[in-house]
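One chain, chain A, links the two complexes that follow: it is found with chain B in the first and with chain C in the second.
Then we have the complex of A and B:
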């Protein structure tokens, strides 16, 4: 090749870091220019004094990368990682998060200014917002770092203690200030700072307690989890439960916040039935204590029977608490106390948090019971005691997290704000379902489908047709409630999947991608162009799709009052789909998918009917999508072709890959995280910039963790080899990625 | 007949722009076997980059003479190509090379490309504007009729676009088949590890491939922006169409991309309007459906595209 003008790597790296910092400056900079002056935003974000700050950041990154060898031993010291995380969280709390919604941009600085000008507020608030926050923000991390660097245990303990004090102080001062000012406030800032200080305290404790030269964070976590499986869950549950029983609000009918004791005295002698009175008065404490003691005993004694007993007791207690919540709100609404018009209104967080706590303790018992059944030997290498301990720790960690997640999914949404409830049931939940479906096609069978949203559209329009919501009416015997439309919509989508798949599935990866993409666009354009006046064109369905109804004669329930009802319907659907797919993964079909994904020719040679197996993947994925379509259609009532644009197809692929291809939990986590992000960012960055930040998150995630959030075991093994060694140590000659079944 | 020719000319104009973009997809696919999903944003950046230069030179364009206009056209083409090349180079360094180094699964490249695409498109929107109707200054009479073919008029702009596209494609064809760099690209496409053993610097070759593809797309961005309007989301539809064109011709095959682009452009203009029947047939709103149906049919009956995959490896 021609003359080589290659710069020394350090110069290239410096340029890259500086370039990155300029891009960052633009990303957080001023919003767009105009057609008269295109360069306005560019000038104001780059040709400004603050660019120096960003450039310094770039130089810092450069220094860290360049002197990695020098820095590494310090970074590996116990406590440094949590320290870095804590600083990031605190800085995010300061720069990004809102602290108080009613006030301007609601950031910390604005609130601090307001506090400084307000008299009569808690004196501590003046101190805190005046200088204490700054001192803490800079002093505590620096102090902790010094403690780690000079290995001074006493200093580390002091810093940890101070961090805890600051954490509590942040919460208290913020709560008092907000209470003083009044107004509706859903800001996360103080909570984030609270968590940040607690992580900082954790860093201090780790530094003070550690005997090791270098930190092995993952090994430590796994050791903790494997020590007494279920123990972390039990501890967490007990803490949550105490919070719920003593501090939390149980009922807030008139803006007053009644704790459990207050609620009990409010309802004494009001004709509340026996069980509810007992629960409010003493039974809640007793039940919680029994469950907690049972759980602790089960975990400590490693007893299977006790573990299951804990789970059962927790379930019974949850039922009792739920009944109580129903009874008190029903009574309050009956007697016109507060603003409630029916049961389940004006509840505080207390009852729900107690439910989460009970569920968590019960889950701890179940984890313990499952662990000591002793039959589970996870696949992969488990050589020697250390290997088994490692695997036990890992599977316990995942199981614990999954169970805690279920507890949150069940009992957290009632305490969330209306916006989040709606977001959960319309966006997050539906896209989780779609991601699970696409995971079958992409993750398991290895077929790249870029038109997945088409099946979702088909499902939605089928529902609309069957429920009389389109200009073209079905024959009267076919007009159905949305719940009965589910099987038909699934069947239609299955058929569509087969029809698309049969001629095209013999195409190789990228051709299949473009064909499915084309199919998705064709379906959307048909919906827009409205042939035969079937779809009602870009305006969307002509009449609202009715809400689903269960009518068994003696009991009748109609969805539609709140988003919460849909959320629980969705949970049921999700649970069914997840259990089915979990079974499917290990089945003959699932193994056949893995085989064709790894090597299609070899699979065919071993007797797998590849076309049929691929078709099955397509059809199963499509039918999941159809199910999501029914749910979506009947929940929102009105929808139009804009809901089914190509971008959404691409986003679902991104969710699956982001979460970890081929892993069921990964797909759920990826979809949940990436659909949660835009709604979360809504409060934090300008609305127009949301897509930009999501793009940045995707990009950075893929650069640093291409296997996704929670990779499937089999996939991980493909990437790293069974021994799980460092993947970065590959020869650079291998410029082409090992071709994978896509 | 004049209707038919009108739509044919429109199709050739659009098709030659598709072909320019499709070349970028096909080149990258040839050497890396992956779809560069952010390529459409490279195209978009070319329009913005060349606009800034052209705007700085001619202002609102009212006082530009004929000779100047020719120079400005060349300048716009070059600046668009340069912007595209720079963006494509950075894209490869940031979104692809780190993943290549750690042997990431193929889909991870796709996702990082999607991320980069979102980031680029929105960053350009944030920096310049998010309006959908930005126009280049009119420094020459683009609508002037040059000559007639069977009664259909051919405008100056159409000639410019087609000639520029053909020149660029010719240049690329020579480059890939005749130069040392071209040989390196073909060797890498054929078998990267072996090419590395034969002394081809794989990283450098891949980087240059991105630069070449980016330059073509950037030039196409300039042409597209001159012909229509440009915005930060303009890349999406032409990008998809160009990708389809690349697949149509046989992805990884350079001449295939040219033919695929032209064919797609012509077909999507001729078929939905069916100008030979005299009346509107199924209507212009089905353009995209026709384009994709043709694509699907061709792939079903000839699964490796029209010319097959010559540059890339089969399977």
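Then we have the complex of A and C:
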């Protein structure tokens, strides 16, 4: 018998860490050699001085793992968690984000060089881009960490203050540099750095204020959120509003970035109508001040009426701002000022940021109002999903985040670059819809479906057929605009779901996965083979699918001018789907799905008709992809069977798992994050490396947070092993034991 | 109820009022005969216990009664709720058997662990409701009314098994005895005429066993017939009106607890000896009690270690 050489565990671990660092070095470095020299890539990425840096990283990881017991008390100190996040954000701001995109690659270094070579710019900018940034980037986190480690409150306060100063400085200096150079700017570097420094300041404050030895992050957050419900939103909104009113650009017609004041003087006496002139001149400030004061009062006085008043005032103000933006761009285009040819062009970020700010403050008011409304009602209403697990702080947090997310979804995209607008409304939007649909099948009913893309294909081809875009024409009475095709496409997908489900749902687990995988391929191959000249084969649809039109006689609106129009259509569809599915999850059918996922035999014995319930999961999931198919078909116009390859099915499964199986918000977040990532990586890593990095992200996620980004309560309970008796022992709050110890 | 109890003491069965009428069923798995020509009748309103050594076919019988297994021979008729016409169980799907009024629990607890206790029971209640996914999505009035009704019914059931305080705890986080009771609540939620309990006392402590016995009797007095598999003879003797004994898939004895305790065939089955030896054994003891030769493997229940020894070889 061969005896295995047993190494001490420490040596094995060190070798694993070093091996990992070599892999990382290869990932970061060059990966392809040439035909003349196959070893080139390996030599350049591994056999090079830079490997020392990576090996040091490996050794560091080894030390951290080995001396975890020694390190842990420090890491658990209050403030360390935000500190780590802040450092990550700052590093991301430096390495990944663009600081001023008209400058080629637009990274920090490029801008710093440009500033160094330019005289006449704010002296502070020279200092900031010259050395201050580096001192801050290294000094502030180190200083904050020292303050946390030696528990020096004064030092922590100083670091927090300096961080705030640096945050403001970053924005000011960047804005001045951009204004100096001119040109439209879509960069996020400075904003990200701003956020990073603010988080760092938060770490300092936490360290200075906290009495405890170990951090109770979740409890702390909930305490903050429950202190005055809505207050964090109000503060955030006021900060954003000040930014919009003072610094941000409102109009950028010829490369000149006009702030609110500049815009106001530009349009003085140009025949702009009264409201818009007033908003530009003084009304914007007044409206913002009114909303902010109302919001602050509502939150502080815990007044329900004031809360709703804030929300209403914010809504009116947003309308006024939007009208102004429309008026000024319309006028600018009319008078041939700048390059615009119609309304909504050449806008800066200012107006939109002000909208986000107003929305956020209004949302703060609404959160406050809802919270106090809830207090008055009977406590502990019978709903099972809600119930004890959600205490006040947690529900406020969720509401606040959700509302802020809605605000961003509404008003952020117009400030994004054309590429991101396109990406948002095509890939991200469509895959979010698909992930919501697949979440029903995988997350709720627990059926692994690897052929989900087939329903999407069926939906797309149905749309193409109904809109006269395939070689085979529908009867004339059936030729429809895409919007009217939605119910039919949904119905066809429902039917397809039932047809696939009926024979296959007796199978379980792996067998079902294989059969659905086969189904997905069959549908794609049918599309390629073009039976009866229906699908037009691999070339895809023969005529472009038309854009959706709303024609009510007196108003007519046709989509297709910009990607943004599709984005807003998508938001409406998403909102409807989310509301419907949210209700479904808490209904009888949702519980039956959970039951068969948990224990099919027990569900049957309890009288659940498992076949019927599973069929419904398949059909309802499929119907969502019918909706996505309509949206996708009419937006891109052309598609072919290549859009429906197996790879995409697997990607959707990955989105659902990544986001958190069984969680509606999780599926959306997972799909958004993982479709955003490749587009984001486009600028960061070579194109052929992208999938590798995505794979690495997935791996790390599944190792450290297997329950997904935003796990469903039910699933979270499964994956964290219930920690059941723990819950039983503690009667009050903190019912969800997960993640704090991860 | 009193009529049912008095019926239990009589040996003649009243053919008109049977919950289960099992006629000579035989269930085989390949070469193994799990149930061999078993015939038994369960009367309405009684607590009938099925006992027998491990591998005797008790759980197979339960699975046959609930439609999980279909016996190759014989017939099973069920008329679970009062006034039902006897219908065959054979070939029916499990959930349909449940809809006919037959509810069950499992030997190894099978709850939906990641659902709350309340949701577990609601799943059961809602299998009798009508509203579909569309009305749920649109929040239509009758769906909301059904939702309220199911919540109210589920709370009432939890209260009945003493779990009202744990309604929003995850089922998987409940203590073992609580899980057993929750499973009973879920079974009752489907509105059964007969409930099949598969070793409800397994793994519970004496105090929980007493509560369980009270619960079983209470369920029974409320008009639900109870079919019980149990190894704990104390519990069986205290609650059962009648007992059926299975051994090696065969029906070997049937009668009141007193009769069963004195039945040589039963004692032989439990001791693993011949009937003649068992008869001697019975005569030598003045007042033999079957619970002293309990096969549950509980050493505290056996005062003679020698009697429990052969059991190990049997399983």
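Quick notes on this one:
Assume the second predicted complex is superposed on the first by the 572 of 742 C-alpha atoms of A that agree within 3 Å, B and C clash if a C-alpha of one lies under 4 Å from a C-alpha of the other, contacts with A are read in each partner's own complex, and residues count from 1 in each chain.
Please note the rule applied: a contact is a pair of C-beta atoms (placed from the backbone, for glycine too) under 8 Å apart; a residue touches a chain by one contact, two chains touch by 3 or more.
Just so we're clear, the structure is a prediction, and the values are computed from it rather than from any experiment.
Once the two complexes are overlaid on the shared chain, A:688 sits against chain B while remaining clear of chain C. Applying the stated contact rule after C-alpha superposition, one finds that A:556 touches neither chain B nor chain C. When the two structures are aligned on the shared chain, A:605 is found in touch with chain C, with no touch to chain B. By the touch criterion defined above, A:154 lies against neither chain B nor chain C after alignment on the C-alpha atoms of chain A. Legend: residue contacts after superposition of the two complexes on their common chain; A:591 is shown touching chain C, with no touch to chain B. With both structures placed on the common chain, the touch criterion links A:650 to chain B but leaves chain C unconnected.
Set against each other, chain B and chain C touch different numbers of residues in chain A, with B touching more. In the overlay built on the shared chain, the residue A:580 is in contact with chain C alone; chain B does not reach it. Contacts of A:504 after superposition: chain B is touched, whereas chain C is not reached.
Shared contact residues of chain A, touching chain B in one structure and chain C in the other: 715, 718, 727-728. Of all residues in chain C, only 66, 68, 93-95, 98-99, 103-104, 106, 110-116, 118-119, 122-124, 126-129, 131-133, 136-139, 143, 146-148, 150-151, 155, 167-170, 172-175, 186-187, 189-190 touch chain A in the complex they form.
Residue ranges on chain A touching chain C, taken from their complex, read 382, 384, 387-389, 580-581, 583-584, 587-592, 594-595, 598-599, 601-610, 616, 620, 714-715, 717-718, 722-728.
Within the complex, the chain B residues that touch chain A are 29, 32-35, 51-52, 55, 90, 93-95, 98-112, 114-123, 125-131, 134, 180-181, 184, 188, 192-193, 196-197, 201-204, 206, 240, 243-244, 247, 251, 285-286, 288-289, 291-293, 295-296, 299-300, 303-305, 315.
Note for the complex: chain A touches chain B at residues 1-2, 16, 19, 23, 26-27, 29, 31-35, 38-39, 41-42, 45, 442, 448, 503-504, 506-511, 513-515, 517-519, 521-522, 525-526, 528-529, 646, 650, 653-654, 657-658, 661, 688-689, 691-692, 694-703, 706-707, 715, 718-719, 727-728, 730, 732-740, 742.
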